[in-house]
Amino acid sequence: MAIHLGQNSYGESRVRLLRVARQEGRHDIRELNISIRFEGDFETAHTKGDNSKILPADTMKNAVYALARQHSVEPVEEFGLHLMDQFVTYNAQVSRVHIAIEETPWSRLPLGGKPHASTFTRNGDERRTAQLTGTREGTTIRSGIRNLVVLKTSNAQFEKFMRDPFTTLKDEKNQILATVIEADWLYPNADDEDVQFGPMWHGVRQMLLETFAEHKSLSLQHTLYAMGETVLNNFDNVREIHLSLPKKHFDLIDLDPLGMDNPSSVFLPTEEPQGSIEATLRKD
Amino acid sequence: MAIHLGQNSYGESRVRLLRVARQEGRHDIRELNISIRFEGDFETAHTKGDNSKILPADTMKNAVYALARQHSVEPVEEFGLHLMDQFVTYNAQVSRVHIAIEETPWSRLPLGGKPHASTFTRNGDERRTAQLTGTREGTTIRSGIRNLVVLKTSNAQFEKFMRDPFTTLKDEKNQILATVIEADWLYPNADDEDVQFGPMWHGVRQMLLETFAEHKSLSLQHTLYAMGETVLNNFDNVREIHLSLPKKHFDLIDLDPLGMDNPSSVFLPTEEPQGSIEATLRKD
Amino acid sequence: MAIHLGQNSYGESRVRLLRVARQEGRHDIRELNISIRFEGDFETAHTKGDNSKILPADTMKNAVYALARQHSVEPVEEFGLHLMDQFVTYNAQVSRVHIAIEETPWSRLPLGGKPHASTFTRNGDERRTAQLTGTREGTTIRSGIRNLVVLKTSNAQFEKFMRDPFTTLKDEKNQILATVIEADWLYPNADDEDVQFGPMWHGVRQMLLETFAEHKSLSLQHTLYAMGETVLNNFDNVREIHLSLPKKHFDLIDLDPLGMDNPSSVFLPTEEPQGSIEATLRKD
Amino acid sequence: MAIHLGQNSYGESRVRLLRVARQEGRHDIRELNISIRFEGDFETAHTKGDNSKILPADTMKNAVYALARQHSVEPVEEFGLHLMDQFVTYNAQVSRVHIAIEETPWSRLPLGGKPHASTFTRNGDERRTAQLTGTREGTTIRSGIRNLVVLKTSNAQFEKFMRDPFTTLKDEKNQILATVIEADWLYPNADDEDVQFGPMWHGVRQMLLETFAEHKSLSLQHTLYAMGETVLNNFDNVREIHLSLPKKHFDLIDLDPLGMDNPSSVFLPTEEPQGSIEATLRKD
């Protein structure tokens, strides 16, 4: 039987950089972590060890550094489009390029009531993300958020669920609802449209947080849908959003054996096991 | 514009267990980490908070424990089929079930020249994996390996590659080739066939290692293809294999500034950036 | 030769809890991670397997839960003193107790210009810490901070350092100075004094940050000392402070090979290797 | 009040290297991760920013690379002594040097029944360690082991322990005993003695494992002591050993609510909380 090379790609992952922009009296910094993957005509590289169509992954890294020298890296989507243009224009052997960018946010240190000009603290685990997929026909962008941890202590129930002989969970009228928001939304024709990526990102993020906070949650599915629906209803140029919301468990500790009640007071945070919920919502 | 719920799923991740089988004079242990996801008729759960078709993720966890009590968990693929049967049979609301199993291998402590009956050491980061996807029509299984770190100091080149103005990499006649093998291969009709999952897994693993060791590598793509090809050629019932081989970099340290040569002697292991290569190979 | 049991201890680590305090219209949450170690008369447990003086580590965990039910956990130092009192009072076999508390800060979600009553986001990696050491004579407390990442792009030099034949580093007139602040300071007689632990902690933290931002740094040692000195000079009841400031490297990328200059613009963040600097400062 | 600089040090951490030794028909590799810290006369560096006695941490890194070019890095203790000699000899400003070395073991790939000449797999998380402390008077070495995970399913009890009102743990006649061995032992005059570091290390490791396996354990303290005692009794030149044995919990899962018994069959591995036990044993 003949053997065929199916889908394949290669690239460079975790290319990191910090870009400093210096103006009189004010510095700005951006930290990025970038991954690039090429799909294309690499059959003979696999079957014969012919590297003539293999641009080294190391060169992709250099291209990132060079373009970060020449262009602003903010917003990440625009910088991604510069990278895409570079790779698609000069690589006839490539049919499709994937670029994933993660930004680690830093914020200015507040000092004496105002933000410092050149000192920064890192905000934590939250990341701003952009995934670009480009061909000679055009580029789509998915902007997103990762690792945004949220928790609410009210307006969260989980009741009247399906039961089978292995079900031991009780109805919860008043649970702690906690998750790690991972969301991304689609701009289908990113290079033709005139999207304000920065304000859009902050707008979507704020709407996701507000809906999480205000929603009378009957389940995490219910809240996920409400979060996605609000974004689609409020932003014309977002036509699709994907949300992945793991359930972070905080279990009420049984203090009965210690002779105490525990009226929704002391909870055990656990990492394992973890519930997982995800869905894509689309506008027609 | 109307909003539609697209692809969606939920489940329980990182359900862990250790199963001990006790015979006279010999104990056996298996450690598993299991994730389960349901696809199905969950529209009203999202849109209305109607949980009547939502079997709690917590119940999935209980089912894992119960079935681990009733059945051997070895090989993991067979245990996965028991789980699949449980979930597909008793959940009419579900259209598709995904089960991912990772086994953390333990080996018997060698003592006085023979393996100990009841004491074990953990082998390290390598994991044996199985991913099952089941519907009422049947189940496919992808068996696999993760986190198997290998390195070779000979028979590895990378030369005559494509160059552009950002290319600074030099031809490497004698590089260190190191990767973290992630592989999975397909059994398309797992519940109809009579596959010997255990011997198969060990056979594929050994073949991947042998090919990595013996191949005269002109690139990591070249070696990846050779590894996949050997498996497809040697195992009739493997029709498709996917390999993901990140390139672990070991860079020759430039000792010129210290007045020394460095004839392939002292290398710097780096984690970032990292090359990434992946491909699927198929038999007709 | 006789064998002696030297210093020894046991305990329970990583006891986690979330405590929710519910008032009308406002919930408060605190997340803690607690470790406890006992020193004492455990010789026969080691030498003979006599457990009669071994209070199970599991009981320490239960004690934490019970006391978190009975007491506020804020500030962490006060909660630590409650725990200490419990363990020292009821365990005659114990000569010394160590309690380490880490608080993971959560902040209220800002919504419509004001903090939400019951929805929170996690602030990131920074942790508030307290280490208590108690005997029947009294308790000392070290309050502290971990994982506070800061970076400045001005006022940082490193020049005129010692050189030897292996030195290749060049004088840096304008480096990026970045570190992960780990600090702890001593309250020698915590149970006798009337320390306002909460305001003190926030005051010390703010002073460390201000000094880091404003100091004209000739080295990280120089800045470390300035940070410690400011705290000792401004807080009477802090008599000793320990600072550990690893140097997070951001290296200017050499773009010469790509035909570009790089005037302090694009930097490479690296995790390995990492400089490390630590010192204790004391008042007479 | 005057402020004094107390104990202080600086250095370079996580200096990594892979060293390849090439003979005809056989390559050998060693991977090390090294940290160095200097104590000495650094007061004016802290108080005045005078760097004239500060050898850059970057130079320490270069010294490691240079000495790894000149010397074998095996055994790690000998390589540490070369580093120590370099730092103590050429740095009059330094009073004490700390060097910590971790070796990541790689083993030869077995192929066709024999070890391969130039292909290796990484063994996992276990590390071989050496900590050297040197002054102009001499050097002490602590050799050690980290991250060696072991588990036994028989001969482990924990009974007749102390109880207080918060104790809910039941006597365990037949528990799973699992830990992560961290051990280090002292060679007080490393540069005067003629220690065979390699065979010693393997001998101590084997003895720790054998004792863990064969000991009739009445508690983890009891087993820890037995492990240390055996090493001290069997190796003349080991006069002190320190053991840290966290208790990895594997809890029998209660299947009663699912209508099943669970006769020591299915266990839940948990990471949090974790017991911790440590002790030092000494010969007179």
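Of note:
In this document, chain identifiers A, B, C and D correspond to the written order of the chains, with residue numbering beginning at 1 in each.
Throughout what follows, a residue touches a chain if its C-beta (ideal position, glycine included) is under 8 Å from a C-beta of that chain, and two chains touch if they have at least 3 such contacts.
As the structure is a computational prediction, the values presented were derived from the model and not from experiment.
The chain pair with more C-beta contacts between its two chains, of A-D and C-D, is C-D. Ranking every chain by how far its Cα centroid lies from the centroid of subunit C, the top place goes to B. Centre-to-centre spacing of subunit B and subunit C amounts to 38 Å, using the average Cα coordinate of each chain.
One inter-chain figure worth recording: subunit B and subunit D are separated by 30 Å, centre to centre, where each centre is the mean of the chain's CA atoms. Between the CA-based centres of subunit A and subunit D the separation comes to 38 Å, rounded to the whole angstrom. Centres computed as Cα averages put subunit C at a distance of 24 Å from subunit D. Within subunit D, the positions touching two or more other chains are listed as 16, 62, 66, 166, 168, 257-258, 271-272.
Within the complex formed with subunit C, the subunit D residues making contact are 1-16, 35, 37, 42, 45-59, 61-63, 66, 90-91, 93, 158-164, 166-169, 217-222, 224-225, 228-229, 232-233, 240, 246-247, 271-284. The touching residues of subunit C, when paired with subunit A in their complex, are 16-22, 27, 29, 31, 62, 65-66, 68-70, 106, 109, 111, 116-126, 148-155, 176, 209-210, 212-214, 250, 253, 255, 257-258, 260, 262, 264-269. Interface of subunit B with subunit C (complex): residues 165-166, 168, 257-259, 270-272.
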